[in-house]
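Next, two complexes with chain A in common: one pairs it with chain B, the other with chain C.
Moving on to the complex of A and B:
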């Protein structure tokens, strides 16, 4: 798969390089040789119908799933699958954790920890993983909460907040790790329609800051506006890839046209 | 020989002999200490057992399944007799094998071990259920930020499972307090044996066993209130209610 450098992307070596990655669950091959390059500062939208393997791809990138076969180069660390020998962990656990701390993930269901206040949620990993002092972690948490418009809610528990607020909180939690790459897995799919906008706004601002992001989304209009490159995944293979205008415009892929036309029309009124 | 027949209820319940009040309170205190110690031991076993059942290897899981199955299937009275007499034997066997001297296992310590082992089996299941009810994504969020399994277990899993586990664990505490009564069979003068001795000596059976019952009821009443408060404090939605 050729990856043309795109609008915002820069640098010679990609921050993330996925090379011919396969992933099977039992007999079921969900990813059938996917290759993706993400350059520093680039925003990639990963689209495709439900079950096409988008989440699995994203989860392979931060190793919540272990690829069956293929190569990952994550922030200059190369990992080849399958690992040799009977080793169960693909790489040294410590290295794996250090890697994950630099790749933040935002989930569809927010996954804030219910027993902690919003502020404590955000302070947790910086203190426990990055070994920051409580004072420093708190200052930063408050700064990130202000950034996503939740400073006033810093002492609230997640389940007292709306879905949109929870997701903005989860984004703040991810940002507090100063990650080099942000992975979003359908960040607005679990939200009521009227709450989608506030979350997309936060993500749009991050894109404008030049952060490297891979966003799985069904918000086609948003993808078209924000992404430097769009990748259409279909049944575990990349069916189309390129600038948003190219992918969303008339295309050679019947499947993509079908996907765009039926499931999620590119509709100006939406979101 | 004290003549109990002519004593008033007040005199019978006096804290100092010939009154039996002091002996009853002493029995209650012993019951609560053994129940408390056994309960804490049970919680430790429960947390470790649940972790082992959920993420241990096949051998660990099989061993734990044996443990919880046996403990839950065999009547507690039998277990108490077995562990009470077996545990000191086994411990001394082990110590002798390792070249240490024998130790005297006090009835108190053996009681805690008995209650703890029984409680541990049930606590393992209660805690395992509560952990399984935590949405997987909350743990993945921790892993995705570079937290280790142990750190995640300590900082996320345990506090997040508490609201789900507390009703079951509060139930277990009540069972622990009642199970101490079974230690009467091995001559440990906890509340039940103390009140039986009082009843036997004075022939005021109804009075002393009734008082023991009231004391158990009182413990249960206080415990329920404490657990309800605790549950409110660890359940996110109710914290501010």
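Moving on to the complex of A and C:
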């Protein structure tokens, strides 16, 4: 697949459509009406300073958080918040779980299960959620582990692995669900600088494969290279959005210029 | 396998121990043992059965007690917390007596119970011993499990949730095994405490190891020797528990 950024997104209907989503924690409104569209095969980089609501946005898309207000269209499912009427649950629990399985999430802290080997970590959800046989799940787990370069470590327990290896394992665990969308929440932020590259490499390959992905990241150079579109979130509002060249070259938003200039220089330490 | 290391001070201790045992064997009276062998074994068996059954049953109760406190709806959490506080805040002896003399004396008034198949069991002291020890263990372990459940990192559960895992599957496959692994080292000590709580059942006429040795002392007028043998037996049981835990923990160091 071509990696020409602007050509990657395709299709008429978006895979994910976030429409005017609000999210409050108590009195604290963290998302103040955010709208995002992600088309099939598109890679979106979500950037913004700490506390701007990036994680909350991603968690709403995976339904780990329930939006206070707004509409989500996730794959073929439309969910309106808040749901009125007799049924308070915005979506039937079983449907919700099925939906989550198709929107796999990769976390900043990997969150591998420490009491299972790497291979068992990856087999777990396909067996328990997708009801695959152990043999099938194992074959696939080994294939995914090869993909992320961890086949030799398949019998290792997570805490014996480096952060970079754990995160690659967590990516394999997400991939094993054959998700239609991959959500990354700062996948390299918990890593030592020298381990960032190997994880970004895996993500870059996934992008080149044409996977639909939303990536929250502080790796600006990476975002510029891999993303088809960049969204800059500031205090719960989308402040700028567009092709990477446009956003990173932007002069329209003071806040964006400030953000780009101060915290994360474009030519950061990442190779 | 850990190799046994014998530095000089251990050798000295070992020698002193051997000398003491030798002196005990020669100077003390052990001739009563053959006559009471069957009784001692029966008492040992009841002690062991009580220990194993009450800690298994108690732990099974402790899991929902801990879970309710760590993640349950508020009324349930309060109920569980109240139970654990009550159990941990009152003497086991009192709980045992309340069950045996209190509950036990209520049963005859329940219509029909006297004629049912249950009746013979309801007058057995070991039933109340089992109940009291189980409820007590559940109270203590429920509190420990609460902490263990709460200390499993949220992210690990969230990862399961984000992959579409059913909450019960998450509990069975992730949360519970992670919590149990955390309490294993604590559980060793808790089991030994439970072992040492079993002699209380002798106060409601259940004939456990402690009761047997009490009777031996009364019948033979021998003061120290039965106590020493009893101490040795409890010590051996406690040692076996610890060995079992070491075996379990080294087998699954993860």
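Going forward, the second predicted complex is superposed on the first by the 256 of 271 C-alpha atoms of A that agree within 3 Å, B and C clash if a C-alpha of one lies under 4 Å from a C-alpha of the other, contacts with A are read in each partner's own complex, and residues count from 1 in each chain.
The rule is short, and it goes like this: a contact is a pair of C-beta atoms (placed from the backbone, for glycine too) under 8 Å apart; a residue touches a chain by one contact, two chains touch by 3 or more.
None of these values were measured; they are calculated from a predicted model.
When both complexes are superposed on chain A, chain B and chain C end up clashing with one another. With both structures placed on the common chain, the touch criterion links A:109 to chain B and to chain C.
By the document's definition of touching, neither partner reaches A:253: not chain B, not chain C.
When both complexes are overlaid on chain A, the residue A:97 reaches chain B and chain C alike. Note: residues 62, 64, 97-102, 104-105, 107, 109, 111-115, 124-125, 128-129, 157, 159, 170, 173-174, 177 of chain A belong to the chain B contact set and to the chain C contact set alike, using the contact criterion stated above. Residues of chain A that touch chain C in their complex: 62, 64, 97-102, 104-105, 107, 109, 111-115, 124-125, 128-129, 157, 159, 170, 173-174, 177.
By the touch criterion given at the top, residues 135, 137-138, 140-148, 151, 155-156, 159-160, 162-163, 234, 236-237, 239-240 of chain B touch chain A in their complex. Of all the residues in chain A, the ones that touch chain B in their complex are 62, 64, 93, 97-105, 107, 109, 111-116, 124-125, 128-129, 157-160, 170, 173-174, 177. Those residues of chain C whose C-beta lies close enough to touch chain A in the complex are 153, 155-156, 158-166, 169, 173-174, 177-178, 181, 254.
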